[in-house]
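As written, the chain order gives the labels A, B, C and D, with residue 1 at the start of each chain.
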Amino acid sequence: MKKILPIIIACATGLTILAGYFFQDRLAPILGLLINWGIVLVGLAGLIGIAYLVRMHIFRIAHRQKGGFYSVIVLLAFLFTLIAGLILTPQNAFYRDWVLNIQTPVEASLLAVLSVTLLYASLYLVRTRGWTPMSVGFLVGALVSLILNLAVFQFQPGSRGEVWALVLRRLPLAGLRGILIGMALGGLIVGLRVLLAVDRPYEGE
Amino acid sequence: MSLYDLIWGGVGLLLTVMVLSYLIGDNLLFRLAAYLFVGVTAGFLSVLIINQILWPFLLQPLINGLWIEKIWVLIPLTLAVLLVISQFQRFKGLGRVPLAFLAGLTAAVTVGGAVFGTLIPQLRAVVNAFDPLDWYQSPGMPWLRITEAVVMLVGVLGTLSYFHFGRRRRDQNDPSEVRPGFFEGLAKVGGVFLGMALGTVFAGIFSTALVAMIDRLLVISEFVMRLMGGS
Amino acid sequence: MPVLICPECGAENLPDAETCVVCQNSLLGVEPADLEQHQPDAQFEHVPVDQPEDDLSDLLSSLKQDDALDDFSEEEEGHRSTLSVGEVEQQQDSLEEPEVPEWLHRIRQRAQAEPDSVGDITQRIKAAQESLDEQKKEAQEQRLESVIKKIHGEDDEQPPAEIAGDEEQPVEDDEDVTDDVDWLTRIRKKHRPELAEEVQESLSEREGDSLLQWLVALEEGSSELDGAEDERLHMSELTEDTQEVEISPLPGDSTQEIDIREASSKKRIETEIRVTREEQTRADQLAAIIIDEKTPRPLREPRNGISPSGIRRVLGLMLVILLSFMLFFQSSGSVTSGLQEPQGVAVHAWAEGLPAQAHLLFVLDYQAGYAPEIALVAQPLLELIDGESRVISILSSSPSGSLLFSKLLDQTLEVGLLEVHDLGYYPVEAFGAYGLANQVRSKWQITSQPEFMKRLPSGPFDGILILADDYDGASAWIEQLTSLALETPIYLLVTAQAAPLLMPYWESGQVKGILGGMTDAINTDGETAALASRWRAYQAGVLMVIVLLLVGLLFPVQQLQDGEGGGR
Amino acid sequence: MTWTQIGWIIIGLAAVLLAGLNVLIRGRKPYQVRENPALKRLQDHRVVAVERGKGRQVILGDSFWSHAYPGLGLHALSALPGLVSPEDKGEGGQVVSTGSGALVLFAREIVQGRYQDGFSPDLQDRKLPVSLPGPTALSFTAGLLPELSMHTIGSLAMFGSFGMGAPLWAEAAYIKGGQVFAAAGSITAQAALFLTVRDLLIGEEVFMLPGLLAPTAPNQAAWLTEDILRVALMLLLIVAATLKMAGLL
């Protein structure tokens, strides 16, 4: 029973949700309930994950491990944001500024650092991948897209040039569509494996 | 510029410089900014989960709701309690039930979305491109549309062939990376399309990162200019 | 049965053989030896006969014993050392006594009479030793002396060239063998102490054996323990990995160089042993380690001396300078639009044609770092949408979504006329989308369901705008909303990185329009002087990456060898 | 026949094939799939990392749900058992990181399950190395980068759903002399890593991964099912396009 119950729950939940794609009108309220419960659990899981994050940093400080000083920063920032948020609520103007004025510069700067990493990486296409059909395709795709992004060429609406430019833009769509179909296939199999209890991640398998 | 704006501007500038210092290498400044960010994000997310998920979906109906609402909440509450207490070694096994619920839910949404949201519409789009009515009735050059449809079909078939898992059946002990004959040929074509797709995405990624870099430089310059302007 | 012991490698050969079956050395003049009573233990019956190549420590040990027997009183102290320091001390102690102690005498008698491995090897070596000519013997003794002096840290009077001569006997250091296996022993100790003890016992019994022998013994031992599924493993795979060892000519230098290629060129007698899958994996892993140790690695440092980090820093600096120059030192002017793509035009056309009392749903799935780019795309559209009787509902699947949107509204509309409802945060996009579409399509309700169940609006909406920073978030909404047959038109305002990937959804008709990134913002919005400096900086940055991609073509292709990869 | 009906047929066919092949393949000759040198190198690098006393870092992505690869959170988890062994507590150690709370819970469950046969008290406690450096995509990157810099990295293996921050992780690992393997769960990450990471699984190759790490019957059945369905879809496309041209569809 200890083993069977999770399997039954996983299969029953999954099949009900799946049936919702077919009998949506009839099952809608049940499906809504299941989705809401799922949201609660994901939210709670997020909170537990954060608890592990906090515990890791407390552990570091307590055991004077490497990086303990930074852990103090994490914990102070966490506690301040948590307490302020619970007292002021996220709608508060100061709280919004506190969160966004830290998140925006750090996140945007990380992306700025990434731009340099990508710039540097662009030197290494052939060195890393060699001359293969895929690397040639990559080069062509990247160059065409970047040149069109530059918008140095002007096109009159309806002109032959515009038509060709649009065709060039759409050329990578074939590959993208192939990838999308392929991974939808993969997703289907992964999902079915859970629904058929072949994969049981909840049991550590 | 008010003092309030000045302070936040200064914080933004400081954090930007601290993170950009990672370009030189990992250093104390970068770590300070990174960990501050992690702490703030974790705190904010906790507040959000409590305020917008746990409170309205679980706690509020339990505290203020009618008895019938409380009954409805019992099931997620049980699952939530099981999930929490399963984090303790003694009750380890209890977490399987809520995790199984979550896995089943995700798997089903995955299957439904993959098939009805991607697979079928994308297959339909490839097939619809072969509609003769579309070729001749809509404005544009018909031969170009026909070529586009054929290229699209070949590209999709090639890309799918590229991902064929099976290998050519030769000696069973002979390790091989070669697909069966038909797929191998198509896969070569597919590789080019796949490469083009990835190249296009790369261009997009670089564009996004570049816009972020430009924005950071603008923020720095604007703050410095305002500071120098004394406003 | 009498056999011929090869003087070079110690392999057993048939009595009538002229050359050694292993090393092809001439066996002319070699005296046959009767080894019948020295059959190896059953436990080691699968060990190939070419192993003496690796039994360097035993070889030395045996030579030492024989020397001690023959020339006991004549040998210098340095000769009395074998491999390990412990053994050297033991030998020294024994040599201080004028006569052979009783225990040593017994051991020697036993070594000659009993069929254990040490006795076997001693016999073989003795036979081999007898067949060596006097000159070789002297040279060997000299080399041994020099090696022992090194171990003692004494100055070597012998020139290094002599040590590295062609006739040099390979020497293996016991301690290094122990080092090789130490990690595995530790791992075993962690989770199978009993096995680790056995392995340790086996090791101590076989002290001085080669890595190969140790491995074979280990595999056979664990095979019995595990009793798992058997698989065949060719000894040749293993022998490739345990080869000739040289002691470094530098005094005090304990590192050894293992020449793997040497052995593969030699003929081997292949013997099959049965091992479990786990054992084979371990053997493979050990082989991987040894190969890795010898594999020439791609140099991280380029040959011109500039490190990758250096290039990265220079490029970063160049980018910052270039962008700054374009942002601050170029005269601003108007921006000309490039290619106007239909999916972008469609978004603007839709926004312009919205009814006066439109009800829109904004799905916010972007993080703060992407806010500047999303703002470029969304601001012109929000200006079009803003109207007195219009209502916007916002639903976030990114934590900061609603905060970012309220800031965006503040930045865009000085006095916004829009009425905004926040529907909350949904941590998994797909759940939110499924819930939303489900609510919209629902034809009946559970009467007793709690209030929170009615949180999602049932619509109808005049349009759903998805503001997303990446493909994953946007497509989760598209997939679920369209698969549940929601007929509300969906429009996307996304970053440049997400736009190409979302194009198939536009072509398939699931999405009615897409605006992606700065290029689309400029192209669709027409000439915008406010963005001129940004746009020029953007063009300069794009030009730079194009140049670097082309410069990169001049780089030679880096050949990938076994054990490489995973890096540049 | 409508497209929706075709969708249900695909789901049904996949389920039948998966269940049927799962039974049929047991004890039979395994389905021969293409070798993947990148994965072989990953395994070698992980062993070398143990030998050198360096850490092995496994990343399970930053979100439980991936769209590019639906269910990739689950998929990364299905690859995890192949990477967890009692020897993880050995030299250098292994750390599993993720940016999603739900993935942390699942990963802990799997790691705990795999360690149950470990026979070592070190592996029995709850202080298992599954960490959450940051709870959102970019905060995960921000939290992970200093962690990578602070510790020795012998091998960095990336699975699951993650975005364009991945090149930064790879770069940090390279700086520390580590080797990188990526089974990126999003096309964005694949495109970003294409230039920097040689051992990169692209597109659907990601779905080969669990079977290559642990060639069990269910994994092999999944390979075969996917191959059969892929061929079926290709035929469907050709036939449907022909019918469409002929005006019959």
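In the analysis below, a residue touches a chain if its C-beta (ideal position, glycine included) is under 8 Å from a C-beta of that chain, and two chains touch if they have at least 3 such contacts.
Here the structure is a predicted model, which means the values were calculated and not measured.
**Q** Ranking chain pairs by contacts, what comes out on top?
**A** Ranked by contacting C-beta pairs, first place goes to A-B.
**Q** I'd like the most central chain, judged by C-alpha centroids against the all-protein C-alpha centroid.
**A** Of all chains shown, the one whose C-alpha centroid lies nearest the global centroid is D.
**Q** Measuring between Cα centroids, which chain is at the maximum distance from chain A?
**A** Following the centroid criterion, the farthest chain would be C.
**Q** What whole-Å value do you get for the distance between chain B and chain C if each is reduced to the mean of its CA atoms?
**A** Using C-alpha averages as centres, the distance is 26 Å.
**Q** So what's the Cα centroid distance for chain A and chain B, whole Å?
**A** Each chain reduced to its C-alpha mean, chain A and chain B end up 3 Å apart.
**Q** Between chain B and chain D, tell me the centre distance in angstrom, where each centre is the average of that chain's C-alpha atoms.
**A** So the centroids are 15 Å from each other.
**Q** Tell me, which residues of chain A touch at least two other chains?
**A** 17-18, 20-21, 33, 35-36, 38-39, 41-43, 45-48, 50, 53, 67, 70, 90, 99, 103-104, 106-108, 110-111, 113-119, 122, 124-125, 128, 134, 138-139, 142-143, 145-146, 149, 170, 172-173, 176-185, 187-188, 190-195, 201-203
**Q** Where in chain C do residues touch two or more of the other chains?
**A** Only 308-309, 312, 316, 319, 367-370, 372, 399-400, 427-428, 430-431, 434, 449, 452, 475-476, 479, 483-484, 496-498, 500-501, 504, 507, 519, 541-542, 545, 568 qualify.
**Q** I need the residues of chain B touching at least two other chains; which ones are they?
**A** Residue numbers touching two or more other chains: 22-23, 25, 31, 33-35, 37-38, 41-42, 44-45, 48-49, 53, 57, 72, 83, 87, 95-96, 99, 102-103, 105-107, 109-116, 118-119, 122-126, 156-157, 159-160, 162-163, 194, 197-210, 212-213, 215.
**Q** Treating touching as the only link between chains, describe the layout with one word: line, ring, star, complete or other.
**A** Per interface graph, the chains form a complete graph.
**Q** Within their complex, state which residues of chain A touch chain D.
**A** 18, 22, 41-42, 45-50, 52-53, 56, 66-67, 70, 106-107, 110-111, 113-114, 117-118, 121-122, 124-125, 128-129, 134, 138, 176, 178-179, 181-196, 198-199, 201-205
**Q** Going by the contact rule at the top, pick out the chain B residues touching chain D in the complex.
**A** Those in contact with chain D are residues 22, 25-26, 30-31, 33-35, 37-38, 41-42, 45, 83, 87, 89, 92, 95-96, 99, 102-103, 106-107, 110-111, 113-116, 118-120, 123-124, 126-128, 130-132, 149, 153, 156-157, 159-167, 169, 172, 175-179, 194, 197-199, 201-202, 205, 208-209.
**Q** Which part of chain B faces chain C closely enough to touch in the complex?
**A** 23-25, 41, 44-45, 48-49, 52-53, 56-57, 60-61, 65-66, 68-69, 72-73, 105-106, 109-110, 112-118, 121-122, 124-125, 197, 200-201, 203-208, 210-215, 217-218, 221
**Q** Show which residues of chain D lie in contact with chain C when the two form their complex.
**A** Chain D residues touching chain C: 37-38, 41-45, 47-48, 50-51, 63-68, 70, 86-87, 89-91, 118-120, 122-123, 136-138, 155, 161, 163-164, 174-175, 177, 179-181, 186-188, 196-199.
**Q** Which residues of chain D touch chain B in the complex?
**A** 3-4, 6-7, 10-11, 29, 31-37, 64-65, 67, 70-71, 73-74, 102, 105-106, 109, 112, 125-126, 133-136, 139, 142-143, 145-146, 149, 164, 172, 175, 187-188, 190-192, 194-195, 202-205, 208, 223-224, 226-227, 230, 233-234, 236-238, 240-242, 244-245, 247, 249
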